[in-house]
Amino acid sequence: MIPALDILLIVALLWLARQALVARDLFKGVVLFIAFGLLLALAWVRLRAPDIALAEAAIGSGLTGALFLSTLGRLRRMEREAGQAEPPPEDGRRGGWTGGFLTAAGTVLVTALLGWAVWALPAGAPGLGDAVQARLGESGVSHRVTAVLLNFRAYDTLLEVGVLLVAIVAVWAVARADFPFVTRNAEAGSVPPQQTALVNLLVPVMLVVAGYLLWIGATAPGGAFQAGAVLGGAGVLLLLSRPHWAVLPERRWMRTGLAAGLLVFLGVGLALVIAGRRLLEYPAGWAGALILLIEAAVTLSIGLTLTLLFLGGRPAAGDPAPTMTHTNQQP
Amino acid sequence: MTDGADTPSLVCLIALPLAGAVAAFLWPRRAPAVGLGVAGLLWIPVLGLLIRLVSQGEQQYELGGWAVPLGIALRADGLSVFLVLMVTLVGGAVSGYATGYFGGVCWGSSFSSLPPAEDGEDGRDGGQAHERAGFWPLWLFLWAALNALLLSRDLFNLYVTLELLGLSAVALVALADAPVALGAAMRYLLVSLLGSLAFLLGVALVYAGYGTLDLPMLKAALGGPVAPVGPVALGLMTAGLLMKTALFPLHFWLPPAHANAPAPVSALLSALVVKASFYLLLRLWFEVFAGVATSGAMRFLGVLGAVAVLWGSYQALRQPRLKLLVAYSTVAQLGYLFLLFPLSSAAAGGFTAWAGGLYFVLAHACAKAVMFLSAGSLMRAAGHDRLADLGRRCARCR
Amino acid sequence: MSVSEWLSALLIAAGTGFFLAGSAGLLRFPDVFTRLHALTKADNVGLGLVVAGVALQTESAVTLVKLVLIWWLVLVSSATVCCLIAGAVLRHGRAPAAEEEAR
Amino acid sequence: MTATTLYALAGIALFGLGLHALIVRAHLVARILALNVMGAGVFMFLIAVAARNETPDPVPHALVLTGIVVAVSATALALVLALRVQAVRGRAGLAEEESPDA
């Protein structure tokens, strides 16, 4: 018997996803996608995956949603500047009724095939849960997900931190920060006082929450990703409202902060190799401390990376960007 | 099979370019020197690995000291070491070329008159600066991803390396900030992400059905009765990898992406990046899923390859621009690679087909890299790569 | 069921009622301002009641602090966001369109 | 049929929905949204698989956490590229029959 709540949740998720994907108005689609992400976090809780729920709410729905919304804002601004009153109509891709029908039929066929394979999955559920449980005591942490992420499969996580750095290098290589977009409000002297007050209030709370998530990750749901996501959220808030005390670090420090996670992760791994152990083979008794060290650096880098990804390009040398206070104090 | 705990050459092959990428990101001015240093230093672990492979056979390395299936292991056998050797050779040559192409290197190069690279962040000095600033970290990340992919024996880890490879490759294409290149990079990114997602869903199905991510363990598990999840997972992963390898008719993204990237990038993409996903296909079809893949499916891939040879060659001959011609020839040459599937499963001549196929991989990597690099030099000299006008220009060069 | 459990259920049910009313207002009210009114006011009281109901069931003080913190944070941010949206609509004389969403 | 099977199948359905939108939509932002929905489908399948056991299997959880971070990186790069495409071409779409040497 399936609980009614699960059925309701799944129906709502599928409906939201469909509405988000067919919406001609992209703004509507993105808002529906954010709602979809929040419900998804609820689904993860139902599936007893609180770590994922935290990450989904912060990254999957929150920061991804913010990225989409700021992109739409920039697109509209470009269209306005190009003199397009209305966004250009979306050109149909697969022309004609038959094309659309064939695409739909093909997708349904593929989905049905996949669904059949899932339906026919063998009942005896194998998995590595027992293997993780058996070695958990040696991992240096007592939370199983953190043990997998930063010890048993730490190499995956190392490469993944590399993916984050690739993303920022790529974004910096492709585009310059469109800083006027971000600072438009502040330049007009019109960051509403409520917003400033909220940011002044929330950012310290978010810093505390990030620290708490980082610390608690060793024993309970939480860890570097969730903490980094909260830091990233705080960074986005700062970019949008630029309170007088917030200053973008100099580019040298920015680079160092972005690379810190990979640097410390790889450094610890290689130091262990030099000490005659294997890559990321923590010595007994040291595992917990080394994991916390790596996680702290990774948290910092993830937070900074997510913030700067939201900025959407390399901060240029000539812009007032590096010191955020610059324009804020003008009347 | 020997465990390589005492000689960390397997780890160095991945860690060295990764560390180089961070260094190139932190010190943009020194990036070309870092790149060349990595290209040179990498020969030490490569040759060390080769010697051990010859003397002791297959090497493996359990990362973090955790045995599979809990941990992740690296593995080097003949096929992967052969390809690592190829990457080191071609990658080193392209690195040398790139120091000249992107300028900013301190010794005798015809382009050293360009302004120093600074960190290329203001984009005001002719648009070259950010190309230079972006190329080295991205290429070193790409290099790390290639080696990691060739040495991994864990399915999810392979997904992460595929993403690292795909994102850095796309960004390298987008370095040529021209409208056509940006469109090509965007299309490449969409295809690459779709391919990765299909691969990831295949990995998820494998884990759901067999409870392991380790390739050799999966192979053993597949020996039992075949559930539908096995072939479906193989189909998904294959579809994703075929997109990334650009087998006809999924090749549409390749010519614009390879032709409009900066010359060293075109060389790397055509010579190495498409081979990485091809290598994974070989692994999956001939080793892990050998009992699942039917000869009919092998023949189907062979037919697609044959069509790709004809179609790619025909299109290549029709192209007005040199780099597009070379890019379409890649489509054709990739078709030859897929002839390996039906040929090697034939009872007789299987070994000959393998030997021929691998030799072809190496030959194509070297030849195509050189072709793109030469095309880049011609483009620099002539200012364009329209075939009709190049002849006159080159006559003058002499 | 004990008295506190009954009280808890009652509070949660009352809170849910406020959420329902707020959702109905969101769907039925004519313009942005009235909808904001329905949403933020009703949700703040509704969430407060739910938190009070759940708080009755907890034994640990830490959980209690977390629950109150959640309510307080939602209160502060929804009040601010309500002001920001209403201000934006007033300035532009129309519903917030795509270019305003990023704030 | 159990709740986890239903979630697993819903994950597959999300994958299919996203795939269809990725093919039929032309606007780049819509297509990037579609890729995100596909990713969510894969994650849902993985987490449903993990939930089959009495205590959830932590390995798929770790894989999904990795996947979420990879997804946000890819999304950020894709959106920036889409903006650049709009900036140089005046529209955030890829022409269907585009001659590569335009």
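Per-chain numbering from 1; labels A, B, C and D assigned in written order.
To be clear about the criterion, a residue touches a chain if its C-beta (ideal position, glycine included) is under 8 Å from a C-beta of that chain, and two chains touch if they have at least 3 such contacts.
Not measured: the values here are computed from a predicted model.
**Student:** Looking at B-D and A-C, which pair shares more C-beta contacts?
**Tutor:** Between A-C and B-D, contacts are more numerous in B-D.
**Student:** Could you put a whole-Å number on the gap between the CA centroids of chain A and chain C?
**Tutor:** Whole-Å distance between the two chain centres: 26.
**Student:** Compute the distance, rounded to whole Å, between the mean C-alpha positions of chain C and chain D.
**Tutor:** 31
**Student:** Rounded to a whole Å, what is the gap between the Cα centroids of chain B and chain C?
**Tutor:** 52
**Student:** For chain D, give me the residues that contact two or more of the other chains.
**Tutor:** 8, 15, 19, 45, 49, 59-60, 63, 66, 70, 73-74, 77, 81-82, 84
**Student:** Among the residues of chain A, which ones contact at least 2 other chains?
**Tutor:** Chain A, residues with two or more chain partners: 26, 72, 114, 118, 121, 125, 127-128, 132, 153, 156, 160, 163, 166-167, 170, 174.
**Student:** Throw together a list of every chain pair that touches.
**Tutor:** Those chain pairs satisfying the definition are A-B, A-C, A-D, B-D.
**Student:** Which residues, counting only chain C, touch chain A once they are in their complex?
**Tutor:** Its residues touching chain A are 73, 76-77, 80, 83-84, 87, 97-103.
**Student:** Hey, which residues of chain D end up touching chain B in the complex?
**Tutor:** Listed in rising order, the residues of chain D that touch chain B are 8, 15, 19, 22, 28, 31, 35, 38-39, 41-42, 45-46, 49, 59-60, 63, 66-67, 70, 73-74, 77-78, 81-82, 84-85, 88-89, 94-95, 98, 100-102.
**Student:** In the complex formed with chain C, which residues of chain A make contact?
**Tutor:** Chain A reaches chain C through residues 26-27, 31, 66, 69-70, 72-73, 76-77, 80, 181, 185, 192, 194-195, 197-198, 201-202, 205, 240.
**Student:** Which residues, counting only chain D, touch chain A once they are in their complex?
**Tutor:** Those residues of chain D that touch chain A are 1-10, 12-21, 23-27, 29-30, 32-34, 36-37, 40, 43-45, 47-53, 55-66, 68-77, 79-84, 86-87, 90-93, 96.
**Student:** Under the stated contact criterion, what part of chain B meets chain D in this complex?
**Tutor:** So the residues of chain B in touch with chain D come to 156, 160, 163, 167, 170-171, 174, 177-180, 182-187, 189-190, 193-194, 197, 200-201, 204-205, 207-208, 213, 255-256, 259-260, 319-321, 324.
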